[in-house]
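Look for chain A in each of the two complexes below; its partner is chain B in the first and chain C in the second.
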Partner chain A sequence: MRRILLGLGAAIAMLVLPGLAAAETVKVGVIGVFSGGFARWGEQFKQAIEVFQKHHGKVVNGNTIEIILRDAGGPDPAKARQLAEELILREKVQFLAGFAFTPNAMAVAELITEAKMPTVIFNAATAVITRRSPYFVRVSFTLPQVSAPIAVWAPKNGIKKVVTVVSDYAPGHDSEQTFIKVFKANGGEILESIRIPLSTTDFAPFFERVLQQKPDAMFMFGPGGPPSVAMINTWASRLKPAGIQLVTTNETQAIDLPKIGRAAIDAIGSSNFTEIIDTPLNKRLRADMTAMFGPDQVPDVATVGTYDGLQLIYMTVAKLGPRPNPDDVMKFWTSGLKWESPRGPIAIDPKERDIIQGVHLRRVKEVDGKLINVDFEIVPDVKDPWKEENK
Partner chain B sequence: MATATVILLDGLAYGMVLFIISVGLTVTMGLMRVVNLAHGGFAMAGGYLAAMMIRAGVPFFAAAALATLAAGILGGIAEMTVFRPLYRKGELAQVLMTFGLTFVFIAALTWLFGTDVKILPIPSYLAGPVDLGFRTYPTYRLFLIVVGLLLFLLVWFVIEGSLYGARLRAAVDNPRMARAVGIDVNRLFTITFVIGCALAGFGGVIGAEMLQLDPFYALRYLVLFLVVVAVGGLGSFKGSFVAAITLGVVETAGKFLFTDIAAFLLFALVFVLLLWRPNGLLPPKSVA
Partner chain C sequence: MNPAWHALPWLLAIAFYFTAGGYLSLGTSILVYILLTLSLDLALGYAGIITLGHAAFFGFGAYGAALFAIHVNADPLLGLVVATAVTAVFAVVTGMLILHTQGVTLLMLTLAIAVLLAEAANRAYKVTGGDDGLQFTMGPVLGLFRFDLWGQTAYLYTLVILFVWFVIAWKVVHSPFGRSLDGIRQSQARMRAIGTPVWWRLIAIYAISAAMAGSAGALSAQTTRFVGLNTLGLLVSGIAVVMLVLGGTRRLYGAFLGAAVYVVVQDFAAKVNPFYWMFVIGGLLMATVLFLEGGLMEVLDIGRRWLRRLLRGSDPT
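Here is the complex of A and B:
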C-alpha cells in the first residue's frame, strides 16, 4: 500500500511538475560472491535482482536504476575493499549493497564512512557489522536474532540439557554464545561446547562425544554446504536413535532439504524465513522463481535479503530522488521504516540500523512425500539480542 | 569400551576411503614420478557419474562399476593427451599443468551441475543401522571397511603375486634396469595410470558418504590424499594402506578425545612421522 501511494504521489508529481524530475541513472554497486565454491550466494543475489526487476521494473520516477555486480570470489576482505573503492570512485555509485560474508562487509566499513556511502547488507549476519559504520543498514538477519528465540523455547519444551556443536569461525561463535547465554538464563544446562574445525570431513567422532554426554538435544551451527549436510546426516545416524534432538538455526532451509534428505526429519530449526510463509508476496516470489529459473529453484534467506534491499533502495530513490544527500538517506533509513517483505512485515531499528523481524521456530516434516519446515511458533518483532546486550 | 570400538570402526572406515582413493595417487607419484595434483578430479568425476546414474535408476553396484570404468577411461585419455608430454618436463611444469587440470575439472562440474553438493544415494539395504550387540552402527561404514580390506587384499595379491605386479615392482625400483631386461615401462605405466584413476573413481563413489561431492572436492581433499602418499612412502602400496589406516584412526580418535586441537593433531602426526621416516613408513627399495 505504502509503495502504491509513493508511486502514485510520484506519478502526480511528474505530471504536475514536468521538467523538474530530469531522468537520471542511479547506480547501485552490488558486491557479492558470484564464482567459486560459495557461488550459491551470488546466484541467490542475481535471481532475486531479476525477480525484483520483473516485479518493479528498472525505473523509479523516470530514473533508471542500474545494478552493477562485482565478484569478491569468496570471503576476501582485501578484494571486497578494492571493489568498493572502484565502485565508489570510478563507477560513482549512489548506493553500495550486497555482502554475503561478514569479513567482506567489515572490510568496507571505514571506506563507506569516509565516502559517506549508504550501504545495504543483503546477507552477512554477524551482529556487530552495523556498529562498524553509521552508513550500514541490514535487511537480512543476525545470528543472535535467530539463535535466541529457540534457546528460549527449548527449556520450556523438555530440552533441559544441551551440548553445543558449532563450526569454529566467527558466525559459529556468535551463534554459540547467544544460544548458551539465553538457554542458561531460561534454566537450561550446557553440558559441553564443542567447536569443530572448518576443514572437518568426518563428524562421527565429535558426535560420539556428544552421545556420551547423553543430552536432551544438540545445538548445531554448520558453515553451510557439504559440511552442514554431513553433520545432519551424522546426527540422524548416531544421535537421533538415542533420542537426542537436533536444534539448529538456518541449517534446514528449503534449498538444502533435498540434499540432506530424510535424515533431516524432526530437526528443529529457527529462521527468519521458512517456505510455508503465507504472504502474497512470498507466493508470488516463489512462483516467479520456479517460472524463471526452473522447478528446483526456491527462494532462500539471501534471496529475500536481496529482494528487500532493493525494495529499500527503490523506496529511497522514490522519496529522495536520484541524487540524494547521503545523510538524508541515512535519516530516511533511520526514520522507523517498515515495509512488507516476502517473509511478512519487517522494520529497521532506527537506533541500530538493523532489521527487526519475526523468527520462525519450526520442525522438518515429511508431508506428501516432500520434506518441509513446519512452523510451530512465530516469535514476532525480534530485535538483534546482541545489541541489547552490548549497548 | 563400546565407544572405543565405535571410534576404531569409524577410524578404519575413514582410513579405507583414504586408502582406496590414494592408492591410485601412489602409482602416479611414486612410480611414474609425475606430481599429479589432478588426482582428486578423477575421484570426483567417478562420484558424480555414479550419482547421476543412480538417480536415473541404475542400481548402486552397477553404477559404481560403470563409474569406475569411466574414471579409468578418462584417466587413459588424460594420460595420452596431458600427462605423457609431462613425463620428461620438470616438476614445476607438472605441478602447474595438473593443477590447471584440477581447475578444468572444477569448472566443468560447476558448469554441468552447479556448485551445490551432489548427494550419492546409497541403497536402502546399506543405509540403515546394524545391531552390533552392544549398540547400533551405520551399516554402510562396515561395508566400507569390508570393501577396503578386500581391495587391499586384491591389490596386494596382484602386486606381490602376478607377473604384472613383478614387472611393476621392478619398474618402480629401477626403471632403467627394467627397460634393459625388456619390460615395456611406458605401456606398464599407462595401464597402471588407468587402474589408478579407476580406483580413484571407485573411491569417489563409495567414499561419497564421508567425502561429500561438490566441484571443489578435487581441491578440498587433495591434501589428505597427498599426506597418505607421502607418509606411506612414494610408490608403496602397503605403505599407503598403513598410512591411510593410521591417519584415519588417529584423526578419528583425536577428534573424539581432544576436540579442541583436533585440527592440528593430524598434521602434527604427519610432521612427526615424516621427521622419523622422511621417505615414508614403507618406502620401495629405490628410495629406501
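Here is the complex of A and C:
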C-alpha cells in the first residue's frame, strides 16, 4: 500500500511539476527493456545515460534535457507503440529514442511518421528499420554492416566451405542473407543454411547437422544473452574438436565473455565495437563505467549506441534550440553529420539516415588469464550493404 | 441491485473519453483487457472450466483479424466478425477434444493447446511473421471513421464492441442456460443425473467465451495495427486470470474493475520505477487474495452497503 501511495504521490507530482518549471525543458522519451529476461539491454541504456550525463551534464545552452524511461518489458510491439503514443501525446517529448528490439522499433514507424517525431535508434539492428519512417535515425549498427566484412575476409583466409546457423527472425535473416551473398561473391561455398527458432535452448541437434557437413567454419548469429552463450558452448564441445571454426558477429562481446568462458577462445567475430579500441573517449567511458557501477561493468554495443544517441540529441539541441521543428531536425541529421564516438569516428549516411562506421574483425584470445577480443583487421567507413543492395 | 448502478461503468468510460487527453490508448488497452477478462469469467467463473489457455483464443483472434486485413479486406467490422467466428470454430474443435476432462488435467490441456498454437505461429514465419510480427493498415470503421493518432476512433470502437459483448454475456448468464452452468460448476454428476447434456453445455459456453476472447484479440490487433507472438504468450493467459481474481469472479463487473485497476496500477508503477514495478503488481495481488476473497468487487459492495446505511439510517440486511 505504501508503495502504491508513493506511486500516486509521484504521479501527482509529475502532473503538477511541469507547470511550475518555467525554464525550457527538452524531453527525450527512451523506450527500452528494463524488466524481465532481457533487462540487460535496459541496464546498458541506463548506465550509458548516467555516464553521458556525468560527462556532459543535463543542461544544453540553458535548456534542461530530461530523459524519460519507459519499459516495454521485452519484444512487445503493441506495448512499444502504446508507450510511444503516450510519450508523444502526454509527455509531449521532443525526441523519441531507445529500442532494443527490431519489432518494437518497427511498431512505432507509422506513429512517428504521422506525429513527425525525430527518433534515434540506440540498438535495434535490422537493416530495413530506417526505411520504415523518414523520422528514424540509427546510431548503433546494422547486421549486414557487421556481417559483410567478415564474409569478405573468410575466403581469403582458408575458410572456403561454410554452414550458416542463424536465429529465425528478421536480424538473423539479415545476417544470413548478407553473409551468403558476400561470401559466395568472394569465392566461398555455402553447404547448408539452418534457421533455429528463437525459443530454442538445446542446440546440439542443429550443430550435429553442421558436423555431418564437414565445413571449414560455421557462421552463426544468435539473439544475444543466454542462447548465444549456449550456442558458443555447444560449438566448443562438438565442432571445435573436429576443426570447424566459428565465425560470428557480436556474439563474443566483452560483456558476455566471462559467461561463455574459455569455450570462446579462437571464435572469430565481427563487430562495430571491441573493448580494446584505443580512443581516449573509450578509455574514459570504461573507467567511468567501472567507477560508477562496479568492476564487472563494461561498455557494450548498446552502451555506445545510447552514448552516441545522446551525443546526437545534445548536438541537435545546441544547434536548433529546445523546441526545434521536426523537419529541421531531420534536415540537420541528414546534413552529413560526423562525430567522435567511443568506438572511433562515426558518421550518419545523409541518404539512408543510418550509421557509417568502422567494423572490427577479431578473434577471442586469452591474454594474462583474461579473455579478450583481439582485432586482426579494421575495415573503415562501412555503410549498410543492405541499403546498397536494395536501392 | 439498483438499475442505476449499471449505467455507472459506461458513464465513467464515456467521461474518460472526454477527459483522457493522452491516456486514450491506455484506455483502449484497458477496454480490450476487460473484454478478455469478461470472456474468462464466463468460462472459468461461471462454468468452472479451469483454463490457462485463453491466450490461444486472444492470439487466434488477433492473427485472424491481421491476416484478414492484409489478405482479404481492411474493413475493421468485417474483420472483427470473421476473426470472432473463426476463433469460435477453433474453440468448438479444441473444446470437443478436452472438455470431457476436469481439474488439473483440463488445466494442462488448455495450457498445451495454447503452447502448441504459439509454437505453430512461431514456425509459420511466412504467414505470421514469426518473432517480427505483422504490421498492417486498417480501413475506416463503417467507412467513415479512420483510426487517428489520438486513438479516439480506436477507443469508441472498442467501447461499443465491449458493450455489445457485455449485453450478450449478461443475457447468457441470466438465462436458464446460464443457470445450468452454475449447476455444472457445482456438480457435474448431479447435473448429468437430472438429464443435462453437460458436455454440450460446456462446449457451448467455451465457444462463446472463446469468441469473446477472439474479439478482444482482434480489437487489440486492429487498434494497434500490429500483431506479434506475445498475443499468444502464456503471459496473456496469466494476466487475464490475475485480472479476474483481482476484480472478483462471477460478477461480470469484476472484469471491469480488475482489468482497469491492473492496467492503471501497472502504468503508474512502471512510470515511477521502470525497473521494479512488478513488485507493486505482486503486492497488490497478494493483498487482494489474502484480504478480499471476492476480489475488489467486495470493496465496492462494502462501500455500497455503507452508503445505503448512511442514506436510510439503518440497514435490515
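The rule is simple: the second predicted complex is superposed on the first by the 368 of 391 C-alpha atoms of A that agree within 3 Å, B and C clash if a C-alpha of one lies under 4 Å from a C-alpha of the other, contacts with A are read in each partner's own complex, and residues count from 1 in each chain.
Basically, a contact is a pair of C-beta atoms (placed from the backbone, for glycine too) under 8 Å apart; a residue touches a chain by one contact, two chains touch by 3 or more.
As the structure is a prediction and not an experimental result, all values here were calculated from the model.
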| item | value |
| --- | --- |
| Room on chain A for both chain B and chain C (clash or fit) | fit |
| Which of chain B and chain C A:V374 touches, first, second, both or neither | neither |
| Touching partner for A:S199 - first (chain B), second (chain C), both, neither | both |
| Partner chain(s) touched by A:G261 [first = chain B, second = chain C, both, neither] | first |
| Partner chain in contact with A:L111 - chain B first, chain C second, else both or neither | second |
| Most chain A residues touched (candidates chain B, chain C) | C |
| Which of chain B and chain C A:E208 touches, first, second, both or neither | first |
| Which of chain B and chain C A:R90 touches, first, second, both or neither | second |
| Partner chain in contact with A:F34 - chain B first, chain C second, else both or neither | second |
| Closest Cα approach, chain C to chain B, once both complexes are overlaid on chain A (Å) | 6 |
| Chain A residues contacted in one complex by chain B, in the other by chain C | 39, 168, 197, 199 |
| Residues on chain A engaged by chain B in the complex (per definition of touch) | 36-40, 43, 168, 194-197, 199-202, 204-206, 208-209, 211-212, 225-227, 229-230, 233, 237-238, 241, 259, 261 |
| Chain B residues within the chain A interface of the complex | 3, 6-7, 10, 14, 110, 114-117, 119, 121, 129, 136, 138, 209-216, 221, 224, 251-256, 259-260, 262-263 |
| Touch list for chain C against partner chain A, complex | 21-23, 25-26, 29, 119, 122-123, 125, 130-133, 135, 137, 149-151, 220, 224-228, 230-231, 265, 268-272, 274-280, 283-284, 287 |
| Chain A - residues contacting chain C, complex | 1, 3-4, 6-8, 10-11, 14, 32, 34-35, 39, 42, 69-71, 74-78, 81-82, 85-86, 88-91, 102-103, 106-107, 109-111, 114-115, 168-170, 197-199 |
